[in-house]
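Next come two complexes built around chain A: one with chain B, the other with chain C.
The block that comes next holds the complex of A and B.
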């Protein structure tokens, strides 16, 4: 069930109606039932039931054993091992098969493994990690295990977050998830506006950008030069509007119910460095990796030993950095791999990001010195703008690999950039790649609206600002939003609402 | 060990980690008050404090400590 479809809207309305009508003490059961319908919608097979039940039972029994047993670590590792094993089996089998085939090729063997198609449940990348962090939190003594297996099932499969996150933590969501909620008009109004804004981002902007980007990427031998440059620069915007738009819908629904979820984006494209961008992009994934992988790794005896050796060899400053960079490299490879079982994800959303962050960190003192010598001011608008543009360009470059599907496609795209002809921009040919002149106009205007909203967001909640306005203006904005989604939303024949970019993760 | 003494030794660790001799931490000091105290430097700080006081923080404390005051309370409970 896709977030922008009518069936999802109907599903949510029915869920909410029942949720607020039934006695409050059984409200969580309604969410549990809805979540399981959502989880198995269109995908009810013995295999998918086994997947869900395995993860739920593993987490349930591990959590109780971790709390009660004297061998806490053993049960923690067992639980994580089973969940992770299943995740790797479902998502990364083909990545390993590609590697084996490469090795066989190098050994001049004609044998090749054929690829397999796994029927995994929606959201498996999300709830696997959510359940792992739940077990670790119990091991660390931060939370008590949930003794009601159905309540744990709801935590695992709370339906809004199954498609695109955000990552939730048990201690943050427990009271809201199982709590009793009265219907609240203000919350509904606020949630609905957020849902509308999410729909606008996805249907008006992201899908429209997709027409152009998919046309260029789908015909690399036909489109080059300006087409390639525009497609490359458009892609981060497509990804952002698609992903953050989904998050807006998810947060909006949760807000109406009365469940607070953590924010996942904070105007990432205003970032002045790639490091900053990743603090503002998919925030809950970053926080998850920091708390459950990066910190334990950095604090481990192994890394401390490396740190000591490096400090003795290279001095305090550099010695301190080496274990840090090692942990960061590992973490970025994991971020890349989490995005999918393709090497291009590991390059685009992993290794390249690490290289940028590494260079930013190591070159920063040098660039500061150069700027000082040349008298370049760093705290002025023009310099900040240069930093923001540079960050966006670096991110766009890395995302070529993320989008490419194969390294050879990514290289074709990059070489295509250099076949640049200025005439394309003036003779109207640019309107031949999936987006005609009027669609381009709609796109530019909607991107401008997005920019203004993002700018307003930097000084506080945009919805609060809207609610503070007079009734005429307020409703005018809401109507404009609704009608622009209806009129300019991309529902045409080329529109396939099942192609959510982040859904596959 | 008295609180004052703990703060004195903490100041020494903070100054060493962040290379800034002007740092003076108080109960309410947070990562927002010290420019270089980000998530990357946090763990170096934690390890240095563990070595200074010969104690260990558990991972839950590492990720949830809100200010230096909470840090000091944990140190007092362990030494």
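The block that comes next holds the complex of A and C.
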């Protein structure tokens, strides 16, 4: 069930109607039932049932044993091992097979493993990590285990977040998820506006960008130069509008219900460094990895030992940094791997991001010194703009690998950039790559609206600003938003691209 | 309470704007649009079927000759299963003396029916339960995927992307010309139908088509509807003819009337002069057909002559418009053609 389809809208309306009509003490059961319908919609097989039940039972019994037993660590590792093992089996088998085949090639063997197709449930990456953090939190004593297995099932499968997140923590969501909620008009109005904004981002901007990007990426031997540059620069915008649009829909639905979810984006393309960008992009994944991977790894005995050895060899300053960078590298590889079972994801959203952050950190003092010597002011608009553009370009470069599907495709795309012809920009040929002139106009206007909204967001909630306006202006804006989606949205039989980029992870 | 009233007003304004917008976006009006344009209970005959109906029968000419009014519940290649729903739809607005049902599409293979043929019929119908039933039936007959059905229920899902085709003319409300009759001045010579083909040989209809015919006959009988089935004058291949002979037998055995215009010698249709393609009559063929068929209808059914009634002035206007168009094409008066 895709978030932007009528069938999902009908599903949500029915769920919400029942949710607010039934006695409040059983509201959570409605969410649980809806979530399981959503989870198994179009994918109800014995295999998928086993996947969900295995993770739920593992988490349930592990959590109780962790709390009660004296061998807490043993049960924690057992629980994590089963969940992680299943996740790796479902998502990363092919990544390992590629590696084995590569090794076999190096050994001049003609034998190759053939790839396998796994039928995994929607959101398996999300709920596996959510359940792991739940077990760790119990182990740390931060939360008490949920004794009702169905309530735990709801935490695992709360339907809006299954497609694209955000990552939730049990202690943050427990009271809202199982709590009793009265229908609230203001909440509904605010939630609906957020859903509309999400639909605008996905259907009007992201899908439209997708036509151009997919045409160029799908025909690397045909399109080069300006086409390649525009496709590369468009892709982060496509990814952002697609992913943050999904989050807007998810947050909007949850807001109507009365469940507060953590924000996942904070105007990331206004970031002046890649480090800052990742603090504003998929915030909940970053926070999850820091809390459950990075900090424990950095404080681990192994890293402490490495730190000591490095301090002795390279001095205190460098010695202190090496375990930090090693932990960071591992975390970024995991971020890349989490995005999918392909090396290009590990390069694009992992290793390259680490390299940029590493360089920013190590070169910052040198850069400051150079700027000081050359008299370059750092607190002026032009310098900040340069930093924002630089960050966007670096991010776009890394995303080439993320989008490419294979390293050779990525290299082809990069080499295509240098086959530049200016005439393409003036003779109308640019309109032959999936987007005609009128669609390009719609895209540019939509991107301008996105930019204005992002600017307004920096000084507070845009929705509150809207609700403070007079009714005529307020309704006019809402009607424009609705009709923009209905008319200019890329949906229906004329369009077939309704897959969510982040849904596959 | 105040909030609910505000929400209600918001939704009403939205629906009005939505309706207006899609009346602009969905511009491809079909002869069914001309049916809806007619005042309620003003039609004496409703002609149901595919393009043969409105390409062959010149309704303003029939009005000019005998004073009865004919509306078309017809679009291109209407899948036969929809005929029943088109009659149901017509009954909501009109109370005609007679339904003329063209059965040419009864022989069409459902697997070969294109989306366009379904859409032209379905999307021309006003939103109603009957339309939903029609969609369900035709999509089932054509084995359309379940997930695609929603695009037929809500046609804006298909047509919203026509926004870049809108221009000034989109804001005008086009009148469907000649009360739905399709005027073709073009002529091609069509291979003459071999005489021996129209013998009495039969071949069974495919099961789906047979069931549709039976269901239609049952519906007509249950509703006590006066229906005249027709097989239009046009080229059919030998197998089509045999299937139509089979259908003719079923219809006649059930006590209903059918005219096969291919078996009428006095119609005098000339395959080298009277067609604009192998299946459709041009203006010359349509004039011969209308002269013959309108007389038949006038002689055999108790149809009212509305000529002279001011309420029916639009029929005179359309006939005059048609004559003017004829003159513009051929540089002689249509009355000259009639007098030949």
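Note that in this section the second predicted complex is superposed on the first by the 500 of 505 C-alpha atoms of A that agree within 3 Å, B and C clash if a C-alpha of one lies under 4 Å from a C-alpha of the other, contacts with A are read in each partner's own complex, and residues count from 1 in each chain.
Everything below uses one rule, namely that a contact is a pair of C-beta atoms (placed from the backbone, for glycine too) under 8 Å apart; a residue touches a chain by one contact, two chains touch by 3 or more.
Note that the structure is predicted; figures quoted are calculated from it, not measured.
Enquirer: Judging by the criteria at the top, classify the pair chain B and chain C on chain A as clash or fit.
Expert: Fit: chain B and chain C sit side by side once superposed on chain A.
Enquirer: Once both structures sit on chain A, report the angle chain B, chain A, chain C from C-alpha centres, rounded to the nearest 10 degrees.
Expert: 160
Enquirer: With the two complexes superposed on chain A, say which partner A:483 touches: chain B (first), chain C (second), both, or neither.
Expert: In the superposed model, A:483 contacts chain C only, not chain B.
Enquirer: Where does A:369 make contact in the superposed view: on chain B (first), on chain C (second), on both, or on neither?
Expert: Neither partner.
Enquirer: Now for A:465: first (chain B), second (chain C), both, or neither, which partner does it touch?
Expert: After superposing on A, A:465 lies clear of both chain B and chain C.
Enquirer: Answer with first, second, both or neither: which of chain B and chain C does A:180 touch in the superposed model?
Expert: neither
Enquirer: A:74 contacts which: chain B (first), chain C (second), both, neither?
Expert: neither
Enquirer: After the superposition on A, what does A:6 contact: first (chain B), second (chain C), both or neither?
Expert: second
Enquirer: May I ask you to decide whether A:475 touches chain B, chain C, both, or neither, giving the answer as first, second, both or neither?
Expert: Touch status of A:475: second partner only.
Enquirer: In the superposed arrangement, does chain B or chain C reach more residues of chain A?
Expert: Greater contact footprint in residues on chain A: C.
Enquirer: Which partner does A:438 contact after superposing on A: first (chain B), second (chain C), both, neither?
Expert: second
Enquirer: Please work out whether A:141 is in contact with chain B alone, chain C alone, both, or neither, and reply first, second, both or neither.
Expert: first
Enquirer: On the combined arrangement from the superposition, state the nearest Cα-Cα distance between chain B and chain C in Å.
Expert: Distance of closest C-alpha approach: 41 Å.
Enquirer: List the residues of chain A that touch chain B in one complex and chain C in the other.
Expert: none
Enquirer: List the residues on chain B that touch chain A in their complex, please.
Expert: By the definition above, chain B touches chain A via 39-40, 42-44, 46-47, 58-60, 62-64.
Enquirer: Quick check: in the complex, which residue numbers of chain A touch chain B?
Expert: Result: residues 136-137, 140-142, 290-291, 294-296, 298-299, 304, 320, 324, 328 of chain A touch chain B.
Enquirer: Which of the residues in chain C end up touching chain A in this complex?
Expert: Going by the criterion above, the answer is residues 3, 10, 13-14, 17-18, 21, 25, 147-148, 150-151, 154, 156-158, 160-161, 163-164.
Enquirer: What part of chain A is in contact with chain C in the complex they form?
Expert: 6-7, 185, 436, 438-439, 475, 478-479, 482-483, 486-495
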